[in-house]
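Paired with chain B in one complex and with chain C in the other, chain A is shared by the two complexes that follow.
The block that comes next holds the complex of A and B.
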C-alpha cells in the first residue's frame, strides 16, 4: 500500500491523465451544448469527433518511452496504452462518422454521441488500468454506455430485445468477473497487477484451488466482454439488433480494450500460472474458432454473419494470448489494427446498402451489386477476401502474425486446427463475393449518397491493400508499442 | 452494562420490527416497520464503533431507498388479499429454507467460533478512532481516481435512463415561454357588448 500523506499531495504524473480529462470534460460540455441545438443539426456529432481528435493529439504528444504511473500506481501510461488508445480513438471516431447519416432522424441524438464519448473514456481507463479497481470501473463505464447505445432506436423492437439480452448477460458476466477478482484478492491481498503477479509466485498448494477458481471466473468474465465461446451467446443478437453504426463501434473498440486488458493481465499477473491459463485459453480458443466459423455459414443476415465472424476472429486473436510471447502480443495488436480497418469498411458498406423500405442487411440484398456499383462491389470484395485471410491483403498478415507466434511458442497443433477452420471460414466470406458478382439483382438499388461513408469505404479498401503489400511499418509499430508491457 | 442494555434494546426492536414487516396486513405498515428495523440496525452499528456504516444505513436506506419503496407501493396499488393466495403453495419450500437456515445459525453459534475470546478483538478498541475521517482520507487520496470514475458512471446511468425513457410526445402540452412573455392584452381580452 502506498503511503498516504495528508494534506493530499498533487498526484504525480497527473498530466498523463490529460486525454481522459479532455474527454470527460468535453463530453459534459457537449451535453450542455446539445440542449441549445435544434433538431437535425449535426454540430454535436462534429464536436464529438473533434473531441476524439483532441484526445488523440493529447495522447500522442504525451507519449514517451518511459512507463509513467499516476494515482498511487492505479493508472499507468506506457507505449502499449498509447497504441491501444489510438486504436480506440480511431474505432470511436469511425463509429461516429458512420452514425452521421444513419442516426440523423433519431430523437435526442446529442446524447448518442455523448454516450459514445463516455464509452471511449471507459475504454481508455481500461487499457491504462494497472489495477483491478480501475479496470472494473472502466469496463462498467464502457458497458453501461454501450447497453444504452444498442437500445437507441426505441421504436425498433429488435433493438430493445438486443439491448435487454446484452444487458442481462453483461451484468451476469460482471458478477462473474468480480467473483473471480475477489478470489485473486483473497490469495494475493492486492488489486495491483504487478503486486499480485509477484505474490502469485509464492503461493502454496493451499491457496491453489482458490487461485484456480479466481482465474477461471476472471477469464470467463472477460471472455463475455470479448465474446469468446461459450460466452458468446449475446453477440449475434446484440449485433443484429443494434443500430448498424453501433454494431460497428461495439465490434471494434470494446474488443480492443478487452484484449488490451487481457494482455496486461497475462503479462503482469499470470506468468506464475502459465500452464493453467494456457490450458484454459486453449480450450476456449478451440471452441471459439469452431463456433465462430461454423455458425457463420448458416446466417442469411450479414450483421449476424459478421457477429459470428467476429467470434471467429476473437478465436484467432486468442492464439496470441496463448503464445504469451512478445511476438504473440505484437501479433494481437497487428490483428486488432487490421480487424478494425476491415470491420469499419464492411459496416460502412452495409450502412450504404440501407435503402428505401429495406435495411439492406440480408445477403440477398447484395445480389448483383457489381453491375450497379462496381466501386462498392470491388471494395466489399477486397474486404471479404482480406477477412478470409487471402494472401497479400491485410487480413493475411494479421493471421500470419498470430499463427507464427503460436508456432514459435510450440502450439503447432492448435495452429493447424486454426488453419483448417480459417479455410472453412473462407467459404462464407467468399459467398458474399459470389452474391455480389455472380447473382442477378433481386432488390432495386437506389443508394443514398454520403461522403463520410464513401470515404470510410475507400480508406478501408486502400488500407487493406496497402498493408497487404507492405506490412512492415505496421509490424514495426506494433513491436514498438509493446514498450511498458513486457 | 449500559452497552449490553442498549444492545438488547436495539436487537430486540430490530427483531420485533422485522416480524412486523412480514406479518402486518398493510403494505405501508410493512415499509414503516422496515424503516424502524433499519434504524435499530444502525444503532447496532453505532455500538460496534462503526458509526460511518450506521450513518450511511440511515441516509441511503431510510432516506432514499425506503422513500422509493413507498412511491412504488403507492403507485402499484398492491392487492394484499391476492398476494396471500399462494401461501399454502409456497409454505413447504419456504418452511424448508427457514429450517435449514435455523439449523445453520444454531450450528454456527454453538461451534465456538463466536465464543468469548475466540474472536480477534479490533486493535483500536478503547482508542479514539474516527472511521468517517479515516475512510475519507483513503477515499479521497489513494482511491481518488476510482471515486471520480464512479461519479462518471452515475452520470452515464442518469443520461442513459433519461435517453431510454424520455420520448418527445407530440400530444403533450409544453409551455412556450417566449410566447407567454410576448403575449399582449389584445390576445387575451376581448370586449363584448352586453
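The block that comes next holds the complex of A and C.
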C-alpha cells in the first residue's frame, strides 16, 4: 500500500462498496420482513444466508489485481480485503447454518440473523479500512452486534453474565484503542494508515514517548478483539456463556477481521517502528501461547477448552505478525482459513450433540461417541488431531506456514518455544479423542438430526484431510491474496 | 532431474499407498468382522508382494538412491514428493510389510471388538512407516514420521491393556515433543541450505560447526526418544506393556528402528563433524542402555516389560555401532536392527500367545508351561536363544559385527581406547542371557503347579504359522547373512565416507567465497 494516490474522483470507485451496500440494505429489509414471520419459521435465516452469499458473489466478481481506493483513501478494496472478506462470509454463513436448529425456539429470531449481518458488515468495513476512523466504525458495529448475540438467550443466566463481562471489557478496550489512536494522530497528524506510516519514518526522538504510548494502547485495544493474552480474560466466559452457534461465529469471523486489520496496520503503519512492535508482540505472543495451551488442559467444558485453544491458536498466528514478511502474512491467512474450517466443524459436532439443556458441552459427554456414531467420532478425531497440528491434516500446514515465516525472519527461539507448547497443547486435543475412542458410553446419546449441520461436519472433516494432503492450492491462493497489502 | 529407477514404475508409491487404498476400500465397502479380517490379510499380502521387487531388482553395486520418484508437491515452500531407497532403508520397508501381515494374522482371534477399525489402523500405520523409510524430502519424512502417531495412538488406546490411556498419551506426547525439535532444525536447515528440503542436498551442503552442533542436538532429541535411548526411554516399557500384541510387535519391530534410521540418514551424513564431536556422549548413552537397562530388565516381573527393556538394551548396541564409523560396526547396527525386528516381534507374539490363554503377563502367574504347550515351549526357546544372540541366530551376527567394529575403531577415532567400550558392551551378552533365560526358566520350566496353567492348550496352526517366517528369517540371517550384507556394503561404505569427511573446510571456503561473490555482483 505504498502508492496510494488520491484524491480519486469521488464516485469512481463507489462500486467497490457494493457488497457493503447489499448487506446493509438487505439486512434492513430483512428486519422489515421479520415482522410478518411467525415463530419457528426459518425463512429469515435462509434470507440472511442468501444475503451473505450475494455479498460474497459481489465481492468475488469485483476483485481485480489493482488496489482500488474510495472516499479519498478511507476505504480500500484490494485482493487482501477480498480474501479476508470471503473468510468472513464463510464464517458468518456457517454461523447462521449452525444456528438453524439451535436457535429455532428463540423469540424474535429474525433479529438474531440481522444482528449477524450487521456484525458481518462491521467486519467488512474493518478489513477494507485504510483509516482509523473507518476501522473504528467497523469494529464498534461488529462489537455491539456480537455483545447482543452473546446475550441472545435472554432467560439463560450465564448467557447474560457472559455478555455483560464481554461488554464491559470490550468497552474498556475500545477506550484504550481510541486513546492509542489519538496519540498516533498527535504524532503524525493523520488517520490514514499510509500517510501515518510515511510520517512515522520521519519522527524525531521528542515524539518517541507519545508514539510508544500510542502503539502500546493500539496493540492492547486490538489485542483484546483477537484474544491475545493478557487481554483474553473475557474469552472463556463469553465462549461458554454464548449460545454455541454464536461461540462458533465469534471465534472465527471477528478473529479474521481483527488479524486482517492488524496485518494492514503492521504492513502500512509500522515498518518505521518494527523493532518496537516486534518486541511488544513477541512478549504478548509468548504469554498468549503459554496461557492458551496451559489453561486449556484444566478445562472440563469443551466450549471453555476451545476458548483457550483459540487463544493458543491466536498465539501461533501472532508469529506471522512478528515475522512481518509477505510469507508471514500469507501464513496468517493460511492459518485463519484452516482454523475456520476446523472450528466450524468442531462446533457443528457440539451442536449436533446438544440434548436437553446444555448437555454435549462437557468433555465427559463425548465418552463412547465412537461406539454410537462412528462417523461423528471420526470427524471429531480428525479435527482434534488437525487442531493439534499432526500431519496429514490441515492444522499441520497452518502451523508450518507461520513457523516457517518466523524462522525466516530470524525468530528461531520463538518458534522453538511455540512448537514445544504446541506439543504440550496436543494433550488436551488428545484427551478429547480419548473420551471419544477409549471410553465407554456414560450417558445415552441423543442427537439433533439436521442435514445442514451434518453437511458442515462432513465438509470440515474432508476439508482438513484434503488440505492436509495437498495444501498447495490454498497456499497459492493465500499468497496471491496479499496483493495490495505488500 | 535424473531419476534412478530401474523399474520405470512408481514402485515405492505403490508400496506406500496400497495399504492406504486397501484401508479405504475396507472402510467403505467391507462389512462383517470375518470379511474384514480376510480383506485386511489380502491387502497386507498384496502390499508385501509389491515390496518384493525392491529387494529383487535392487542394484547392490551403487550407493545411489534407487527406485526414485520426484513430483512437486508444495511449490510454495519447495517441498517435493521425493522418494528413494538405498541399501540401508530398503530392508526396513520389507520388514514393515512382512510384520504387518503377521500383525494382522496374530489379531485374528484375540481382537474381537472393533475389528474393522483395528485392521484399518494397521494398514494406515503400514503406509506411514513405509513412507518414513522411503521419503527423501525432509518435510515428507517428517509428515510420515508424525502421521504415524495417529494410528499408533489409537491402537494402544483402544485395544490396549488396563493402563492404556496413560501409556498412549505418554507415548504420543514424548515423541511429539521430541519431533518438534526436528521440525525446527529442518526449517532452519531449509534457509541455511538455500531453500530446499531435499535430504540429498542437506547431505551435500557444508554446514559450519556451530550449526551442526545445534542441529545435531535437535535431531538427537527427536531420534533418541524414538530409539529410545536412556534417559528418554521411559515411555517404551509403558507403551509396550499396554499395547495389544500386534501393537508391541510393530513398536519393537519397526518404530524403534525409525530413531536409529534417523541417525543413519540425517545425523551422520548431514552433520559429520558434530557426529564425530558427540561420539563420547553417544557411546556413554549406548553403554548405559546396554548395561544399566539390562540390569533393569533382570528385575522385571512383567514379561512384556522385560522384553521392552531388552529392546532398549539391544538398541543400545545399534546406537553404539552407528557411532563407531567403521564398516563392520555400521553394518552390524543395521543387521542388529533387522534381526531385532524378527526376534523382539516374535517374543512379543510368544507373550501374546500366552496372554490370550491366561490374560496375564506376570511371570509369577506361569510356570511349567512346557508340560502343556510343548510346541510353544520350543518356539519360545528358539526366540529366547535368538534374543541372547546365540551363534546361529541373526542377533549374533549383528552383535559380533558391532563388537568387531568397535575394536577396529580403536586407534582411529577416539582418544580413549574403544577396546574398553567393546569390553563393556560385551557384558550385555552375559546379562541378556541372564534375564532372558531366567524368564524362560520361570515361565516355561518347572513343575506344573498352577491350575490355570494346566488348562492352557498348545498353539493352533494359525499361531504356529506366523512364527514360521520369523524363524526361517532368523536362522537364515544367522547362518548365511551374506545376502543381507550385500545390500548394505556399498551404501554403508558411502555413508561412512560421508560421515568421516569433514564439512568444515567447505563451510569455511563458502564463508570466504561470499564476499567475493558479493563483490562480483556489484
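Here, the second predicted complex is superposed on the first by the 473 of 486 C-alpha atoms of A that agree within 3 Å, B and C clash if a C-alpha of one lies under 4 Å from a C-alpha of the other, contacts with A are read in each partner's own complex, and residues count from 1 in each chain.
We take it that contacts are C-beta pairs under 8 Å (C-beta built on N, C-alpha and C of every residue); 3 or more make two chains touch, one makes a residue touch a chain.
Predicted model only: the values in this text are computed from it and were never measured.
Trainee: Should A:415 be classified as contacting the first partner (chain B), the second (chain C), both, or neither?
Mentor: Once the two structures are laid over each other on A, A:415 reaches chain C alone.
Trainee: Mind working out whether A:423 is in touch with chain B, chain C, both or neither, as first, second, both or neither?
Mentor: second
Trainee: Once the structures are superposed on A, label A:437 by its partner contacts, choosing first (chain B), second (chain C), both or neither.
Mentor: Second partner only, chain C.
Trainee: Taking the superposition as given, does A:198 touch the first partner, chain B, the second, chain C, both, or neither?
Mentor: A:198 contacts neither chain B nor chain C.
Trainee: Which holds for A:396: it touches chain B only (first), chain C only (second), both, or neither?
Mentor: second
Trainee: Identify the partner contact of A:133: answer first if only chain B is touched, second if only chain C is, both if each is, neither if none is.
Mentor: Touch status of A:133: first partner only.
Trainee: Check the residue A:148 against both partner chains and state whether it touches chain B (first), chain C (second), both, or neither.
Mentor: first
Trainee: Quick check for you: in the superposed arrangement, does A:107 touch first (chain B), second (chain C), both or neither?
Mentor: A:107 contacts chain B only, not chain C.
Trainee: Quick check on the complex: what are the chain A residues that touch chain C?
Mentor: Those residues of chain A that touch chain C are 385, 390-392, 396, 400, 403-404, 407-408, 412, 415-416, 419-420, 422-424, 426-427, 430-431, 433-434, 437-438, 470-472, 475-476, 479.
Trainee: Using the touch definition up top, name the residues of chain C that touch chain A in the complex.
Mentor: Listed in rising order, the residues are 73-77, 142-144, 146-147, 149-150, 153-154, 157-158, 164-165, 168-169, 172-173, 176-177, 180-181, 183-184, 187-188, 190-191.
Trainee: If you look only at chain B, which of its residues touch chain A in the complex?
Mentor: The touching residues are 137-138, 140-146, 149-150, 152-153, 155-157, 159-160, 162-164, 166-168.
Trainee: Taking the touch rule as given, give the residues of chain A at its contact with chain B in the complex, in rising order.
Mentor: Checking each residue of chain A against chain B gives 1-2, 4-6, 8, 11, 17, 24, 28, 31, 70-72, 74-75, 107-108, 111-112, 114-115, 118, 121, 125, 133-134, 137-138, 140-141, 144-145, 147-148, 151-152, 154.
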